[in-house]
Every structure is written in C-alpha cells, then in structure tokens.
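After this come two complexes, each holding subunit A, first together with subunit B and then together with subunit C.
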Partner chain A sequence: MYSKEIQKKLKDLGVEIGDSVRVKRGDQVYEGILMPKEELGDSNAIVVKLSNGYAIGIKFEGAELEKLSGHRQIGFKSSDEKIKHIAGKPLISIISTGGTVASRVDYTTGGVQASYNASDLVSIVPELGSFNINSKFLFSMMSEDMTAEHWKEMAKAVYKELKTDTSGIIVTHGTDTMHFSTAALSFMLKDLNKPVVFTGSQRSSDRGSSDSFINMICSANFASKSDVAEVSLVMHGSSNDDFCYAHRGTKVRKLHTSKRDAFKSVNDEPLAKIFPDGKIEMTNCNYRKRCDGEVSLDDKLEEKVALIKTYPGMDPGIFDFYIGKKFKGFVIEGTGLGHVPTTIEGRSVIPKIREATKAGIPVCITSQCLFGRVHDFVYANLRKEFEAGAMFCGDMLPEVAYVKLMHVLAHSKDLEEIRKMMLTNIAGELNERTPVFEL
Partner chain B sequence: MKCGIEIHQRLATEKKLFCGCSAQPSEDKPIATVERMQRAVAGELGDVDLAALHEYSRGRKYRYQIFPQTTCLVELDEEPPHSMNGEALEIAVEVCLLLNSKVVDEVEVMRKTVIDGSNTSGFQRTSIIGLGGFIETSKGRVGIEAICLEEESSGIVGEKAGEITYRLDRLGIPLVEIATSPDIKDAKHAREVAEKLGMILRATGKVQRGIGTIRQDINISVPEGARVEVKGAQELGLIETIVDKEVRRQEKLVKIKGELEKRFGKKRFEKPAVVEVTEIFKNSASKLLRKECLLAMKLTNFAGLLGEELYENRRLGTELSDYAVAKAGVGGIIHSDEKLEKYPISGEEVGRLREKIGAGAHDAFVLVAGDRKTCMRALEAVCERVLQAFEGPQNEVRKVLPDGGTSYMRPMPGSARLYPETDVPPIEISRKWVEGIKLPEMPEERKARLLKILNEELAEKIMLSENYPLFEKVVGELKVEAKFVATTLEETLVSLRREGVPVEKLNENKLMELFIEYKCGKFVKAAIPEILRRVSKNTGESISSAVEKLKLEKMGEAELRKIVEEKKKAGVSSKTLIQEIMREHRLRVDAEELSKVI
Partner chain C sequence: MYSKEIQKKLKDLGVEIGDSVRVKRGDQVYEGILMPKEELGDSNAIVVKLSNGYAIGIKFEGAELEKLSGHRQIGFKSSDEKIKHIAGKPLISIISTGGTVASRVDYTTGGVQASYNASDLVSIVPELGSFNINSKFLFSMMSEDMTAEHWKEMAKAVYKELKTDTSGIIVTHGTDTMHFSTAALSFMLKDLNKPVVFTGSQRSSDRGSSDSFINMICSANFASKSDVAEVSLVMHGSSNDDFCYAHRGTKVRKLHTSKRDAFKSVNDEPLAKIFPDGKIEMTNCNYRKRCDGEVSLDDKLEEKVALIKTYPGMDPGIFDFYIGKKFKGFVIEGTGLGHVPTTIEGRSVIPKIREATKAGIPVCITSQCLFGRVHDFVYANLRKEFEAGAMFCGDMLPEVAYVKLMHVLAHSKDLEEIRKMMLTNIAGELNERTPVFEL
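Moving on to the complex of A and B:
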C-alpha cells in the first residue's frame, strides 16, 4: 500500500491506479502507468510501468506528479461469453474453491485470480474444450484458511453436482490443505457413485511452465472416464510434465513445500497414472467402482478436536488447556510406532491419556513418521499408552485421523463405539497391509 | 540508418541471481534430466503474445540437464526464487554509475515471457537498475537507454525431432544488459561502441571472461525499413559486417517493394493455389524430390525477383526459405530463380511443372518436398513472406550466421512480454549506499597512469586483464618492478598455457606467493617458467619447496665468486666470462649481480 501522504496526493490530483502519469524528480522525467503497491517495498516510492514494459520505483519526496490522458484497466475481467454444451462431449463439473490452478494473471500487477466460468477455463486450458463443463464458483479461499465449515460447504456443493448427469466432478483447491479436504469429503459423501477429483497447482498458470495445465487435463480425463467412485487427488506424478497420479483422498499428503510432485500416496499405492493424452493406467485394483446407486450426504462434524504433536521436552499441560476449552477428542502425532513421553514424572503424557479417556474423551494415536503403522504392544511404553486408553490408529495418517475423529464424534458419544468406528475402515483410510514399494 | 546495441555481460559473482548455486558454469557431466512442456499463456490485455505463440506453434518438449553444483530446485522451477543477490546488484549499480545512468529508487523485478524453453519457468526475471546515461565516442555521445540486471538463460545442448535439450548450469547467472539509444552512426561506429562498453565492463574487474560471457544484440533500421533485432553476436570483429549486411538487406527489400508496385500497379496479388506435383517427380534423379508429397505454388509476376541478391549469398528466395524452415521445420524450399540443375531437376520436369501450375514466363514458382502436412505449412509460411514483400522489410528478430549475415528467427515480441515478478519483493536503493560504492578507474585514466611504468603493449594487455588486481597488489605492496610483473602475468603465463601447462589452476594466492619468494631473493626471473610448470601440476606444493626440488635457488655471492675464480683459473678471458657463466647457470644467476661480482 502507498503511504497516507501519497494516497492523499493522488486523491487531490484525481489520479487513480492505472492512470498514465508523468513524474518529475530533479532533472529526471518518467512517464508510464501508475501501478498499485503491494504490501512489500517502500510505501514512499511510487511504482510506474514504463512504455518498455518495465516497472521502476520512484521516491515520492520532491517529485512532481502530473496526470496524463490514458487509463489502463487494472485487474482481470472475466469473460461473459457462455459456452453452449455440445452433444457427444462428456459432461464434467468444476467447482472452484481457490488456489492458483486455472487462475488468470493480471499482467499489469502480476496478481493472480482464480477463474471459474467455463469460457475462462477453456481459454486457459484449451484442452478442456473437449468437455461440456458445468462450472461453479464456491469460494476463493487460501487453503490454509479453510475450516470444517468450508468442508461442509464443499461437500454440499459436490453432492448437488453428483445429483446431475455429470460424469464426474473436479474441485479446484489450494494445495496446502487439499489432503484435509479430500479426507473430509471421503467421510462425508457416502456411497459415492462417480469420481470426485481434487486438483490444484504448485506453479500458477500465468507461466508457460505451470503444472496447472496438465493437472487440469488429467483431472478432467480421470473425472469423466475412470470408474473410480472415490474422492481422489490428482497432481503431477513426477518433476517431469509426463503424467499425474490419482491418489486416494484418505491416503495422500503434501510432502514437499514447492515441487510439482509434492503430493505422495502414503501407506498405499496411488490409484492410477493419468497421462495428458487421456490414457489412464490403474495402479491399484482396490477401489470403489462407479455405480448407479444413490449417494448420500453426511456432513456432521464435531469441530472440537485437537491434533497434537509430541516431541522431546513437550509440556503435557497442553492437554489441560484443550480439556479446559471443552475439547471432545484428541489425535496424537506420536513418535516412531506411536510413542509419547512416558516415564519421567511431570513430563509423561500417559496420565493425560488416562484422564481424558476417563472423561470420555477419545485419544487416538498416529505417527509423525507418516510412513508405516503404529503399534500398541511391541514396547512396554506402548503398552502403558494402550492401557491408559489410547486408540492406536494403524496406518492412518494423522490429518486423516483428525478429520475422521471429527466425523465419528458427530455420530457417537460412546467411547467404545467411537473406538470401533475409528478402527474400522470407512473410506480407504485404514489398510490391513502396507505396500512394500512406494510408487 | 538507425542503430543501437544491447550488450549482455555475465557478472563474476560467487552465486547466481536468485539462488545459492555457483555462478560458474560447470564442466561436469549432467547427473540427471527433467522433461517439461511449455505453452503460450495469455499476455497483457488477454492476448497471447505473438512471439510466444510462434514458439508454441512448433509444439516442442524440453529436456533440462541437471548439474550438481549449479542446479537446485530454483533452476528447475520447483522452488520460488530467493531474494536478489546483493553482490550482483552492487556491480550493476557500479556499471550504471560508470555510464552516467540514473539509478532507480526502488528496483521492481519483472517477468519477461520467454517461450523457447530456455527458461524453465517460461519467463526471465529482469529489472531496470538505471535509466539514461551516455558514453563519449569518436563520433560523439551515444546515449544509454536502460541498464538491466537479469538472469542468464539455459545453454542449448541440442535439438532433435520435437525436443530441445538445455543445460541448467548457466540458467540464473547474473547478467547486466546495457541498451544504447539509436545514436550509432555507421557499422564501424557500432563496433567502437561495443568495444568501449566491453572495456568499461571489464574495468570493474567483476565480469566473467571467456567465450559466451558477453553477447551483443544489434537493432538496425533504414529509412522505409523496419526494426530488426539481430541476436547473439559474440565476436566484436563481426559487428561491422552484421550491420553492413543488414543495412543492405533492408535497402534491397525496399527496392523490391518498389519493383512489385511497378509490376502490380493497382492489381492485387492473389493468394496462390497449392498444387500437388508429386507425380511429375516420381522418377526424379534427385533423392531430395523422391518424397511422399511434393507441393508447388505459382507466384504470379514474380519472375526474377526470388533471385534478387540482398547481399552475398542471400536472395529473396532465401528469405522465403527461412520462413518455411522456422515455421514448418522443413529443410528448405526450391524456387524458380535457382540453378535447378544442381538438384538435379531437368528442363523437361520444369516444363511439366510450370504447365501443371499454369506458370508463364512472368511467374515464379516454389516447390517443397516432404510429408503433406509439413509441406502445406511450409507453403503457407512462404505465402506469408511473399505477401510481406509488398510491404518491404518486416519488424523481426534475426540470428547471426557465421559469415555475419542473418537469418529469420521469430517475429518481434510485443510489449506484452513483461509483468511483475510477485515472488521477489521490490528492493529499495538507498542513495547513501550508492554514493558509498567505490568506482574503478576508467580505461583511459588507467592507461595513462600505466604508461608511466610500462610500454604501450604491456599497458594495454594488463589494464583490462583478469590479473589486473593482482598486478596492482604486487607492484603496489611488494614494490616489484612493474614491467616484470606484467610480463609474467600476461606473457609468461600465456605462453605456458599454449604449451599445455594447466596454468588456470594457479590462483591469485599462488601467484602472490611466487612474487613474495622472488622479492625475498629465492630465485631469479629466468627460473619462473620452470617453477610455474611444476606448481601448475602440483598446486599443493609451496613455491619455496618447488624451487628447492628443482634446485633453482638463486646463487649466493660466495658461490658466484667461487665459480668466477674457477673460470678465471681455467683461463676464460674476462670478455667471455659473463656470457659463459650465464650460459651454464642462467636459471640461477642474476646477470646484474654477476657483473658486480666481477
């Protein structure tokens, strides 16, 4: 943002962002378009985009500003054009919730905006032109800001689309918490009959090298052609632009901050390999098939669940904090096979597990190793944890256990029933066997 | 004529512009590759950039080579850029000051769309550091328009069907770009300006040396001509030729336009029909023509024009061919103004061809061979270029050929190519910091000063040499005689390198050690090549140990006296005494000292 002083001066001169201006400072004269100032940089320097396309910052102090004729529309204007559906093309639904996949850039400011109407989408990814598209704008959220409320709205929107004659649904999403959302929808959409595919991008689509094009194309193909009636996540399968993986929504995690292939299947094989030319190669034969059955929506969630990571030197008092705030359930991200600090008095988490369990608050154990399963017996300390009442969640990912516990607590208050539900597979989140090789 | 140049110079920083990788391109073999696609994206105002679209239409895949020390996730476009390298920024500001350019108050990093695949991201990061400025030349002042700091692109390794391979070691090395105003008067002047800018850059002592570290682009237009950017001149010696040939090319194209106006008057040139002529050449003596498909096109009223020479070895026909090559990927085209015997094509075949496409004596024709789709695209490109002949020269980017001629590369990019790089925050430039930057001596001043202690030849060699800072240190701090230091650094080392001695392994410290030991009287000047030969191959060894191992210690006065006495006893005349001793002990005896002893 520009400083108050600059803002006032601009107002007095009737100059708006996007206007052509002349700036004189000393013996230097600059002409160009007045640019907005983002949150970074010197708020006392005005930014002007010169006729050669470059922008420069000019200190405002001692500068003279003059408005010239000419104004550039700043910000991207979405197309009003409606695309008619053409018989014979497969129908897909695209629900946009945010993120930079299929986004447009405002080439004046560099700002990126999500697109959501069908003609915008096709203008960005022309390959989508071979589909009939129902596009829905749900919200434009940074994925780190999402809450259980957003998952519910997403689930409702997807449920509504599932009731149409669409062949599959794509949900565009910011990447950071996409795997929480896929887990949430996996539990909330019962008896799925069509593919529900989440996708996003690690590089925004203003650049020719964006992963977003291939992610969108592969998602569209997977949503329309595959017979996988599950919630899946489709993103780049490698650092090359060669194929995408479809990961099961409950067995996937973002494992890199920035790479194209940041998402990996954990403790499960990916469902399929999808190539940009439309070819789909199944890599996992264990999945729910497309069917004519009725899908149902079960969007109740208990939000007072905490995900707690244990680490050397942690203060067990954190549990008291949450219990004091009337939390109804805990998921612990333990170390190794699911350990928590056990033997040193005052540092041990075991009494907290016992207290919580006695109070009817379930304590679920997962591992911060992510890969592999937890175990309640192989070490004495694990046995103590188990005896205190902890529920060991097999090979379930911590984030998935967190979402599942929210779902389970919304359906039962009985600790034994909760234990049974947590340890029974609902949506592919629990596997009996661990694959030998990671794909 | 209007002419300006753009100089691109790699900076000798430790690290790259936006990541922690080494800025020294690697000599190693690649350890892996990644494969990527790139596509044209909408530009400013929603239009896809023309230049970008052109590259996209060629539908390529890109393979990028990864090197251990010079590639990280930033080069792979798998991690956002780090903040801008301060060392590079300081050098760029220094260049601005040397060229009288005004440094901006805040640097805004931009993305410049590049879609030939040479940047993994699809854009090059670039920013204006200085605006305005000038240099003085023999033909008056030449203005500077802008000085930018940007990322070097990847180096091309090779190209095969639909796939280009690039190496990532070069990508992201800091590059200073200096663009002059179109103030250059003629071809010779262009060379002078390029030379002068190169000297000023080297005067900073902070630029990379060697092949490919500096490149010139030349913008040329003649009256009634067009703006043409000639890319990638690496040799200064070629600049005059490039300018000269491009001026002639444009002037000739203006003449051809005039000729076409005369021939056509008010008639319009109709887009010619494409005719299949495969049958005519079914039994051709030319292997080139025995292809799946041969297509031909009549160019009404063009007889003789395709053969018009623009400059040596370039005709209008060559320009048509360039288009077909660049846009359709064919090897070339055949046209009626060529010596058709060379293919060979017989007179009878030409007759049948002309008959089939209805080409009379005033008409020219163009013929292409290959698969049908490629041939169609090639003729479309030819047709596009033919229509342009009616308008004269076109705004375009051309690439330099080895003989200083040029060939068509792509259309001139529109202004849609730049938009803000939102991953890098703007950088405030403090006036105080700029004022505190110590500027190097300018070439003229340095030369004048050196001429007091060196002859002209040595002064010119050392003044812009990479070894200049070491020269200053040795002469200034050790007080070693300047001529000797310059000779050692600029002549002895060079002749050793020619012999194949790996002198590039000798760093500044090692050479400093050499001069220190010399100053202490450990050895004589004549011993230096021997010593350097040894330590180049074994840089771990100290200079003094090398001298001892080689038994090259300078002879002490006592030893010298003893030899003189012996020689005298043996009856050597005092006339030949010095000569004889020097002949036998040249590497260990200082002639001056010897004459003192005698």
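Moving on to the complex of A and C:
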C-alpha cells in the first residue's frame, strides 16, 4: 500500500490505479500509468509505468501529480493480432505457457497473476522487434501447477514449431518447476535439430525491476543464432542485467527463491554466456549441434513415479503407501553419496528397496546434496542398498532422475532394461566421468 | 584391487594387507603398514600408511618391496587408555559419535566402516598433542542412521561436558546428516556458554587423502580459542587443505556428495575462517559470545513430524497417509517462494493444508531452492496457502524447520503459539531481515 499521504492525494485528485498520470519532480516529467506500490518498495514513491514498458518509482515528496484524461488498464496487443514478418529478420517461435514472465500485478490484491500471452510479451520487449516472431499461446499457468500432462502438451507444441522454418523456439514458463519441464522435453524430443530455449522471469514483466527483458532478448538471440540443438534454460547469469547463461536442460536447478540469477548449472558447465547485444560465448564444448536430421516426438510418460527424500527419523512406511497405490517407480533423494537409513530395525529403508525391486519396481538413488555423484560401494551401507536392488544414478539431479524414470518406465517394464536405460546418458543428464573423489 | 602385477609380487613375498613393509623407490624409503588400494586410486601404486598417520601411494614400477617382521593391523590406543593432562595446555572435550572421521577401510570388502573412537582419533592426529583432551565415546554410527533419539543422547553428553572446566566441545559425526544434528543441538542447548563444534570428514582417517586432520585441528582451535558460544560445524572451506570454515549450526547444509568443502553456509555468512596454525578470522559479527551463565538442557522433541517435498505430479494423498499415522506436524519443501500445487483439483495441496490446520496440525513452508526466503503474498497462489493456514518460515532451511518443528511441538499444542515460535528466531535459524528481493 502507498503511504497515507499518497493515498490521500490520489483520493483528492480522483486518481485510481491504472489511470494515466503525469508526475513532475524538479526538471523531470513522467507520463504513464499509475501502478500499485511494489512489494517492499518505498511506500512514499509513486510507481508509474512509462510508454516504453518500464516502470519507475518517483519520490512523492516535492512531486506534482496530475490526472490525464481516460482511465485504462495497461494495454497490450491481443493474442490474435498477427505480427507481420519482414524479410531479412531471423524467424523465432515463442510458445507461452504462463509464469511470472507472463504475469502482471493483480490490482485487486496487489499480488501477481499470470495474464500475458506471447504477443503481449513481444509488445513489452521492444528489442524483440529485430526478429520475426511466430507467437503461440499454450497455457496461462503458474509452474507449480504443471504436471506430466502439461509436459506432453508442451512437447507437442514445440515439435510442431520445429517442423516449420523457424530458426529456434522459445518457451516462456514459470520459474518454479521450469527445470522439471526442460528435463522432460530433453527426453521427449529425440534427435533435436534446433535450439529449444526455456525462459522466464523472477519479477513480473510490468515491473521496473523485471528481469524479463534481458532474459527474452538473450533467449531470442540464443534460439536464432546459436548452434546448440538441445533443450536449454536461459536466465540471468548474475544479479545484474549484464548477461544470461544458457544451462543444459537436464543439468540445471532453481537454487534461489527470488534472485535474478536463481538458476545454476549443477554437475556441468553452463552451455553459453549470452549478452543482451547478441554476443554468444560458448562455455561448454560438449553439446549437440544444429543439423538437418528429422526430430521425433516421444511423449510417453509413466506418471506413477514418486520422489522420496530421506531424512533422520523418516517413516519408511511411505514406500508401502506408494506401493499400495500401484506406483511403478521410486527415485530416492538420499543423503551424501546416496545413503538411506540402513541399520536400525523399523527405520531402515533397505527392506523397502528389496520389496520394491522384487515386485519389479525400480528404485533409483540420487543425492539431496545435489552437487556431486552418488556411489554404490564406498561404504558398507551403500553396498547394502545396491544388493537390495537400488540403481545408483551417478551425478543425475533428483528432479531429473524423477522425470527420466517416468520416461523410461513408459518404454520398458523389465528391471534390467530399466537399469540400463537409467544408467545410460540420453540427453546430457548423466556424466559418466565426473570424478567421485578428488584424489 | 591392486594390479595383477602387484598382487603376484605380494603373493610371492607372502605379504598381506596390514603387514609392515618397506618400499624403496629411487632414493626414497618408506616404512609402514600395507593398505588396500584406494577406491579410484591407481591400481599400480602401493599404498603404505606411515607412522605419522598419513598414507601415501608409491608407484610400483621400479619400486622394491620388502616384508618387515610381524603382522599387525593398524594399531590405535584403546578407548579406555587415559591421556594424561599437562598443565598449560587448553582442555577440550571430544565426543565421538562415528562417521567417516571415525572409520577405516574394511579389509574384507574394501569399503569403509565406522570403527574409531575419540582416543583413536587423537592418536592419528598428532597435532592434537598441544591440547589436553577429555575423550568420550558415545556411538559408532554412520550418520544416515541417526534419529531424534540420538540427538537427545548427544545433547545430554555435550551438556555434561559443558559443566566441566573444558574450554570447548568437539563432536565427531558422520557428514551425511551432521547439519540436522547441529540444528537439533542448537535448539536443545539453551543459553550456551562455550563453543560446541561438530566436525567430520569426507574420507576415512586412515587414508592419505583424508581431510580429517585439518578438520580436527581447526575444530580444536575453534573450540578452545574462539569466543563463539554456539553450535557450529567446522569443515574444509576449500578443496585444498588450507583452511576450514565454522558454519552456524542452523544455517549450513551438505551441498556436495564427496568434496572436502561439501558444507556451505546457506542464507548466512560463515562464522569464521580457521587456519591449521590456529589463526581464527571472524567472518560474521553476529554471534553469541562465551559467557559465565548457566547452560540448560531442553531435550524434548516430538518425533511425529514429516518433511514433504512438492514436485510436479506429486500425490497429495501423502498428507492423508501421515495424518492417518497421527503425525503432529508437517514441513513442506515447496518450489520457488514456497509454492505448492494449488489450482488443479485432485492435485492441489491447499485442501490438505486446510484440513491439517483445522485438525491442529501445523504446516510450515520452506523452499527446495534452499537459498533465499519463502513469502506469503507475492503471488495469488501463495496467499491461498497462507489463507489455508500455512506458516511461511522465511529463510529457514527445510531440514532446520523440520528439526525446529519437532522442538516446538514438544513445547506447545496451540497452533497460534506454534506459529509464533516457528516464526521467532531461537538459534540463528531465521534472519528477519534478509531482503526478499534485490529492489
């Protein structure tokens, strides 16, 4: 909420949030739409969204406020409006699935809700004007609600775009589970021949502090100009607006709740550093290149998979709960090198691994440490897990192993075949040679 | 396993693992105990443990091997042997609970098992000779098997030592769940008046590559010389053997499966940088100081608490499973700012939060991002969680919120009181002022 002083002034002038206003302060004059106060912003500063799409805060003390004619919400082009292609510009496709990058402040609650589509985004990121854009609206979802069904829809939409003469695809997505989606599409799009770039933002696009502009521009450059025919995730590389990283879709994770550079590559180098001016510096030499081959879509997923984190005092009965519900696979987020409670009767997870394995249900081991590899023989307790049937997933992230097991289970019911598929690299998710120890 | 060439030579000479041997190579002569090959070590190098406690690998090619008289396992002082105190040296207490720091290679399997006690440790870290040591054997456990019962035993043992004239306590502990234990003791030891330092190692102490020497020496210096009357965790600060960090016990997490510097402070600065020569550089000014007050022990814990990670496609029925088992509290590891699946019927966790809250079961929200804070109003979906009754735990780590809720539930059954206790800082676990956004 704005300060009482500002609220009184707004009331006196009959100005409401969303009205066009002019604010003079000293020599400066600002015209635009009056916005609600930013969360944690100064309650004594008026926030105005300028016509260039940026919002600024202006100190109220000493400022003159004037209402301009007409009351309107911030205007954006509708999703149906076609943007004409101009010869010579690279063609990219933007598929919108929702998230903060596609959200704006809800004037009723002051919170943020998904409401933009891809065309809107184009209209608020003027730098995208140097691209021809095919814009597709798929969902308007916050990513915490995504499920395997949505991954399938996304994979289909991307596959369809890949068949056009587009130079690369951007998928805008909520950040919370974006790394699950990039992993899913990494497994579902086989023989990829063009860049598929996921991006989003940590602050909604109608805020002055939004990171969506740089993320969108870097994504557009990476999608159109890079030769990386992989599913990648492009987001801020630092807390400044200076560059983005492209992370491999199977080796990335959200590691901060709110920072612009919330995403980090885990157990791999980022693929590339991308600058807003279009410069791309490859930081990883090991990637799939653009090619003329045919991409194929493999969108089968077994959804009855559970991700289970172990911790001191956990109830191993959780496995029985899932087995009772006919779950088909488990991914365990163990401690350290992949440990689970082992030796105390009634607390041990080992009998559950054995029972599941005997019932033909694969149990995959990853680590809640996130960085590093799990291992099946360094400690006696790890051997007990291995002997009970557990599959140790190397340096695969727990989230990625979860998605991969869904994919693998949709293709085989045979435990040995599943083991082989889980422990074979498909889409950069498993580095065979990360050293276990620095000896 | 050693190379066939080495195995043949050992057989020819009648040398077994554990025998005393002399190895000459060029001008160098090494005498010590023949060790098994290190995991991932060179199979063409002979590993010999020298009398100073260090093990080295010697290239077999061009080396001469000779058996010395007598066959023995590596010898250590027994746990009953008293170490005489010498006037003028600082007195520290070492409580041994097991883990890698207290483990050695199992000659049968080549794996690693817990088998040292505190006196053994003293005998293999000669640098501890500059301290008077009270050595207590508590457990011989790998930390993946620890439970709340063990935390209580540890808290009691530490409390007893604090009442002596010791200058500080070291607890040796397995690394996997050490951060759960440091959090537990942070809440259980009230009005702490001396340093309580947890340490461990990533490689067993009978290996040349072990990090236990530096960790033990830095811990002894920090326990005896620092003025930090908190529960801290001291482990390698880098991949080299150059210094350790002391992390606050409630703000630290294992973030690598195998590196020496696996532990990182999360949402806080490390307390101090400690050098093996005893130098201590404080890196955080905000800590509890040594004092003359009386420490008290509060070892009540409610063990019926579950830690639940949310992810795309999760089955919200998991809450019913725990409620059916009479669980008393939940900590959710949400996505991003603390989101849970919200809007899709049958997938939404919101009704479960509401049901639990109505039944008097607190639901605490943390983030699987680990870094950053959760928030209850930035997005409409977060408000729905808040309105359903969820308690947003700021920048508290999920593991720490889990332990804290066990502690809090043992002291109150009243939801509003529980909320107040969860959201009030007790032992450095909650920073009130971490900025949510970098505005």
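Keep this in mind: the second predicted complex is superposed on the first by the 332 of 439 C-alpha atoms of A that agree within 3 Å, B and C clash if a C-alpha of one lies under 4 Å from a C-alpha of the other, contacts with A are read in each partner's own complex, and residues count from 1 in each chain.
Heads up, the rule we're going with is that a residue touches a chain if its C-beta (ideal position, glycine included) is under 8 Å from a C-beta of that chain, and two chains touch if they have at least 3 such contacts.
Fair warning: this is a prediction, and the values are worked out from it, not measured in the lab.
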Contacts of A:259 with subunit B and subunit C, given as first, second, both or neither: both
Partner chain in contact with A:146 - subunit B first, subunit C second, else both or neither: second
Which superposed partner A:203 touches (first subunit B, second subunit C, both, neither): both
Subunit C versus subunit B, contacts on subunit A by residue: C
Touched partner set for A:239, first subunit B, second subunit C, both or neither: both
Partner chain(s) touched by A:346 [first = subunit B, second = subunit C, both, neither]: neither
Footprint overlap on subunit A, comparing subunit B with subunit C: 38, 40-41, 109-112, 203, 209, 239, 257-260
Footprint of subunit B on subunit A - complex, ascending: 28, 30, 35, 38, 40-42, 45, 47, 50-59, 76, 104-105, 107-112, 123-124, 202-203, 205-210, 213-214, 239-242, 257-260
Interface residues, subunit B side, partner subunit A - complex: 34-46, 52, 56, 73, 76-80, 102, 104-108, 110-113, 115, 120-123, 126-128, 131-132, 146, 148, 415-422, 425-426, 428
Complex contact set, residues of subunit C against subunit A: 38-41, 100, 106, 109-113, 142-148, 150-151, 175-177, 180-181, 203, 209, 239, 254-260, 262, 303, 305-307, 309-315, 317-318, 321-322, 325, 333-344, 347, 367, 369-375, 377-383, 399, 402, 435-439
